[in-house]
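Have a look at the structure below before the remarks.
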Amino acid sequence: MAAARRVTELGLDGRQRGGKWKGSVFKALLILCIVIAFVTLLAVIVQAFVRGLPRLDSNLITQMPSTLDRETSGMQSAIFGTVYVMVGVVVTVVPIGVSAAIYLEEFADHTKGWVRFIELNIQNLAAVPSIVFGILGLAFIVRGPLSLGPVAYAGSLTLALLVLPTVILAAREAIRAVPTSLRLGSMGLGATQWQTIWHHVLPAAVPGIVTGTILALSRAIGETAPLLLVGATVFVTYNPDGFFDGAYTVLPVQIFQWAVRPQEEFRILAAAGIILLLGVLLAMNSVAIWIRNRFTREL
Amino acid sequence: MPGHDIPDSPVPVMEARGLNVFYGGFHAVHDVDLTFGRHEITALIGPSGCGKSTVLRSLNRMNDLVPSARVEGQVLYHDQDVYAPEVDPIEVRRHVGMVFQKANPFPKSIYDNVAYGPRVTGMKVDSMDDHVERCLRGAALWDEVKDKLKESGYSLSGGQQQRLCIARAIATEPDVILMDEPCSALDPIATGAVEDLMLDLRQDYTLIIVTHNMQQAARISDRTAFFTARPDETTGNRTGLLVEYDRTSKIFENPSDQRTEDYISGRFG
Amino acid sequence: ACGNGEDSTDGSTQAAGTEDGAAGGSADGALSGDIAIDGSSTVTPLTEPAAELFMQENPDVRVAVGTSGTGGGFEKFCNGETDVSMASRPIKDEEVAACEEAGITYEELGVANDGLAVVVNPENDWATCLSVDELNAAWRDGSEATDWSGINPEFPAEALELYGPGTDSGTFDYFTEAVNGEEGNIRQDYNDIGEDDNAAITGVAGGTGAMAFIPLTFALEAGDSVKILEIENEAGECVAPSTETVQAGDYTPLARELFIYPKGESVANKPEVKAFAEFYVNNSEEIAEAAGFIPLTEEQKQAALDQIATLGG
Amino acid sequence: MSSTPGTTAVRGRTADPSPVSLTAGSPRWGEKAIVGWLLLCAAFSVLVTAGIVFSLIPPTVEFFRRVAPGDFFSTDFWAPTNAGNPSFGVLRLVVGTLNVTFWALLIAIPAGLGAAIYLSEYASSRARKVLKPILEVLEGVPTVAYGFFAMTFVTPLLRDLWPTFLPGKLGEPPGIFSAASAGVVMGVMIIPTVASISQDAMSAVPSGLRQAAYGLGSTRMQVATRVVVPAALSGIVASFVLGISRAIGETMIVLLAAGASANLTFWPNDSVLTMTTFIARTSTGDIGHGTTTYYTIFAVGALLFLMTFVMNMISIALVRKFRETYE
Amino acid sequence: MPGHDIPDSPVPVMEARGLNVFYGGFHAVHDVDLTFGRHEITALIGPSGCGKSTVLRSLNRMNDLVPSARVEGQVLYHDQDVYAPEVDPIEVRRHVGMVFQKANPFPKSIYDNVAYGPRVTGMKVDSMDDHVERCLRGAALWDEVKDKLKESGYSLSGGQQQRLCIARAIATEPDVILMDEPCSALDPIATGAVEDLMLDLRQDYTLIIVTHNMQQAARISDRTAFFTARPDETTGNRTGLLVEYDRTSKIFENPSDQRTEDYISGRFG
């Protein structure tokens, strides 16, 4: 049997425990890792800010893009285009995503092969490169079966498909976080399952769903590659007519268009556009985080 | 037992006949036969994991909500098998109400908590206000909450929340009320209040309660069922089974099975 | 269908300026409606100011310019999706066929002239004029020239560093066809700079042995950071690229015309399309300057206006 | 029942035992219709996948009708647009993609893992509450912003600060486009992905294991490196694999910073053409519908989809293995 | 108690003096004075939430890991205050080992589980194989696992896992071993094996155990400390305090405090 330590070996001050510096160095390295990530974010912002500063003016928002007057050119059509596209994304993805999440969390029998297949499929979809969604959008939405043409809603639908897995995942987590005891309490009173969901589960899950959806949208709002393929590559000097009508462009595509132009004025515009886009994103994220912190405490 | 005469054999309101419950491939409860008497309190006791909650939940088909759960055998409610194909589990739960271990009021007002059941079941009540008052009185909670019916159910103390859940349960006018360790999260004073309430409720309802607290079973129940868990020799899984079912006084004073006696006297568990 | 042949034009429409075309649209002379344009990325920077200027004069007309490339533009055009297609090369036979099948008629309008400049590092003192053969030796697919002496034995053995636009650009197509005899024929190991002509300037300015081909106006804007080479034309003269030499047709083979293709139906039925096409041609100087291209000559303008007239009739 | 002056007590439903009906009062069609709709929505994602597959397969088949698979899966030159002598050595694009991915992971894996360990094992819950959302913001930074950053900031920086004292090829400063510039920025972009998934995995390690390790006199570093990281390993590896799949699928950064020269190289200071760059540039550039180049887009897209799909399946399998251990 | 003579007053190995523990603003444990005797088993008993685990965890500074926890008073280990500023908590834990309620083997091989402690503490052992064997024998597990040392600790049954955790704890050669409800997740047979082991370990170590099972305390401990929780009159928070500390036989047969007697006899809890 292993013997107990002899009492004479006492000494609790850890002097005989060498290598304490290892822990400190390790911790410093870990902090460095976090700092790298954050410093880069800062660098992205600062760089764009410094570069775009000359054009961070009201014209950026109030003016249409212009090749002639680069000093006063703005991105109003892209801002409106983004709003249209995003509204289209929300109205498409939220009902489908939340419904799918409710089914998977509340109704699906997870021992069934086909349910697992659906779940696996969603997980997979989440990691499909966005450009592949662009190919899908081009083949099925702009042309092909839906043939919407290069209109704002074609962009919406493409992005909606892209973020659908994210929304489903977030909604599922929000729904799962609703305590089972609420469901049991309601079911135990003879409420039907849908009554239980509608009266208790969904209201309790709304903050989580909203948070997750905002985060998903903040991903969609910055997507460029798929929209390059589905027709947002346009020089438009007017705001979209509607979801199914007319030309449109969006912020990230406009930024990209400007970024690859050789003239410095366009580069500056691109940088200013990036700041604008990051500002929108930061606002969206703050709202999401606020909602999360505000409402998760209550359950 | 105190001051309550019960017949030698229970007048059946619910019965389990050859009840077996499985979770996936796992045999959780083996061959349980039990008759729950009208206007009696039946206590289910036994060590952790022996299947008490499982048996309780199969009585009002709450186990349907566990996807992997499967029930064999019969559960009769006034001689109808609640697992018969034409039976609607929702309807069963309207007759057989349930109160849980952890008080689980809805994040709504006290009033809405009580009114919820009647509303969703489409119960006809002359005046919801009166009905809510009656139920809160029935749960011995009225005096404490009558001035704050609009406040959230969460604003109550643990014991009050549990009584609110009981008020909520009786609001749908069930016949049987199942309670799964209703006092285990409460302090002794709150426990006392709920125990008193249970004795009151016995006048109008049939109560079936699971408890870990043998003193509680002894104090309030008319009959006691003792369960234990037997490990399967090959898989090592432990399957719950009914060891003994009798009047509570008999179980506690003169059990017929050695395992019951060991448990009661604290030799294991 | 109308081909791009030089069919006869009667002088009667020549007089029809912008004003006249507009009158066809609405009673009070104000034009309105949408014009959908798509096609060449090379022509886009030219069409953008054209559209802008046109919209300044006609605030109720809305012009949208897409960039699908010449081929992609023709695909949409022959599909009936656009009113005007932009092209950095004449329409191809397959595209002619596609349009014909769909019953789309059009005319080819020259809207500006484009010149390619071959630029080298200012420190490069050995090369001032290159022949097409020399360019071919440097750029052709399979070329093994790794230094300048591989182009011309008289040049020093300075390492060769090549920059050029990517396969998705009209400039690329044009240069490879003109220099290597075949569209897309180019050596593998040149630095593809995509659409970012700045990158070529940066690259050339940074390497003594570097060489790049870029749009002429861009090279001119770059000032002293690069040196623009003369090109030996078929006549055997070394010609420096400039507005004049390009317009005069002396700077060959690295000069070309850029086109738009208005749809016959649109010109006939949508006065704003006709007006736009005429505007585009009539204001060539201003538009070309804004975009960094070389404007049309008077003859070119006239030819274009004649072609619009055939469609509008 | 306790005193209930003025009101009658609530009675049990069958206070007098008359026959009761347990059958449903109504068939509840509404409820069934709702469940049907929900199921439809859940199954919709399968439709999306099917859409992807069906938008890729026919043109890819057409591509292989024109180009022999052996010519495609080769390191031949990549020159699909070369009219006279087209060649389709897609492995050059694959190598280009892997080149950038490699440099990206070289940054993202250590930094992401380090950040995850810090968040999971060192940070106070308050610090975590602040840091996690920032990581989330980082995950949401549009890639076009990263691409612009790479092109206009990192590239010049690399060109200026390149360690030219290194021997041979490694000492040559990168050009205006390079795998290094795209890789570095992409690495930073992927850090949050790696960090957040790894951290989830580490946080899911039962706290009992940590307690046990501390109880044995382990230091915090020993707990982190010898107990938590090994215990969460499959989850951590899953985050790496997902990082790879994101790197392979990323478009804008490489489009703006990696260039478009299909060099067969693993050097960081070379310009490379990635699969995504090719797709994005070619499908927005000047190619005619129906040309072989047009079909090339889909063939490369299919290959890209397949590669990320495989990565993803691996990642999912690893996560599942991890879950099985602890849940 | 069985077959074990203990002195009237314990020979102190560890002592709590005026120990108060707070979680944030919440006063969890109030003024505890306790002396733990050398080569004795001390049991801490009392109703849920009375602070038993909290006291136990403050003995080897495991509470340091709870950010909100704050300790006042002294904990002496061989007369050194383990909360003195120069003391390294890591070192304390190397002397005062710990076994938890839920067996928590590492997801490593059985061998590596046992070897973990010696490796991280940089302990010098002649042969790790021998050391592992000794510890597994010490935990009465050797015969059951000697043929599968390379297998995962998870492959063992619950009771074996708990003994593996004990083997792991003694591998660093501690002086004192703390155990927090080590048997509460085990079945009666596994419990018996672990209890036998504890009695064995007493020869070499000082054991301090928390248990909910009074029979267990009565069966194996030499001394018993009974805690209870007193609600604060204004906040309602319940603060744990020591009611009585004595020889186990005295506590169970003839407690001096009414609250102890109520608890022992099952009148509350």
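Read from first to last, the chains carry the letters A, B, C, D and E; within each, the first residue is number 1.
Basically, contacts are C-beta pairs under 8 Å (C-beta built on N, C-alpha and C of every residue); 3 or more make two chains touch, one makes a residue touch a chain.
Computed from a predicted model, the values in this text were never measured in an experiment.
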Completion exercise
Those chains that touch subunit D and also touch subunit A are B, C, E
Practice task
Compute the centre of every chain as the mean of its C-alpha atoms, then state which one is farthest from the centre of subunit B.
Solution key: C
Problem - From subunit E, the most remote chain by mean C-alpha position - result: C
Fill in the blank from the handout: So, in whole Å, the Cα centroid of subunit A is separated from that of subunit C by 40
Practice task
For subunit B and subunit D, let me know how many angstrom lie between their CA-based centres, rounded off.
Solution key: 49
Fill in the blank from the handout: Whole-Å distance, C-alpha centre of subunit B to that of subunit E, is 36
Fill in the blank from the handout: Shared-interface residues of subunit E (touching two or more other chains) are 90-91, 121
Handout entry: Residues of subunit A engaged with two or more neighbouring chains
Key = 192, 233, 260
Exercise for the section: For subunit C, jot down the residues that touch at least 2 other chains. Expected result: 67-68, 194
Problem - Footprint of subunit D on subunit C - complex, ascending - result: 40-41, 67-72, 74-75, 88, 92, 94-95, 141, 166-170, 173, 182-186, 188-194, 199, 202-203
Handout entry: Touch list for subunit A against partner subunit C, complex
Key = 66-68, 149-150, 231, 233-238, 246-247, 260-262
Practice task
Using the touch rule from the top, collect the residues of subunit D that touch subunit C in their complex.
Solution key: 77-86, 175-177, 255, 259-263, 271, 273, 281-282, 284-291
Fill in the blank from the handout: Contacts from subunit D onto subunit B in the complex sit at residues 1-2, 4, 7-15, 17, 19-25
Problem - Complex contact set, residues of subunit E against subunit A - result: 77-78, 80, 82, 84, 86-88, 90-92, 95, 121-122, 131, 134-135, 137-138, 170-171, 173-175, 204-205
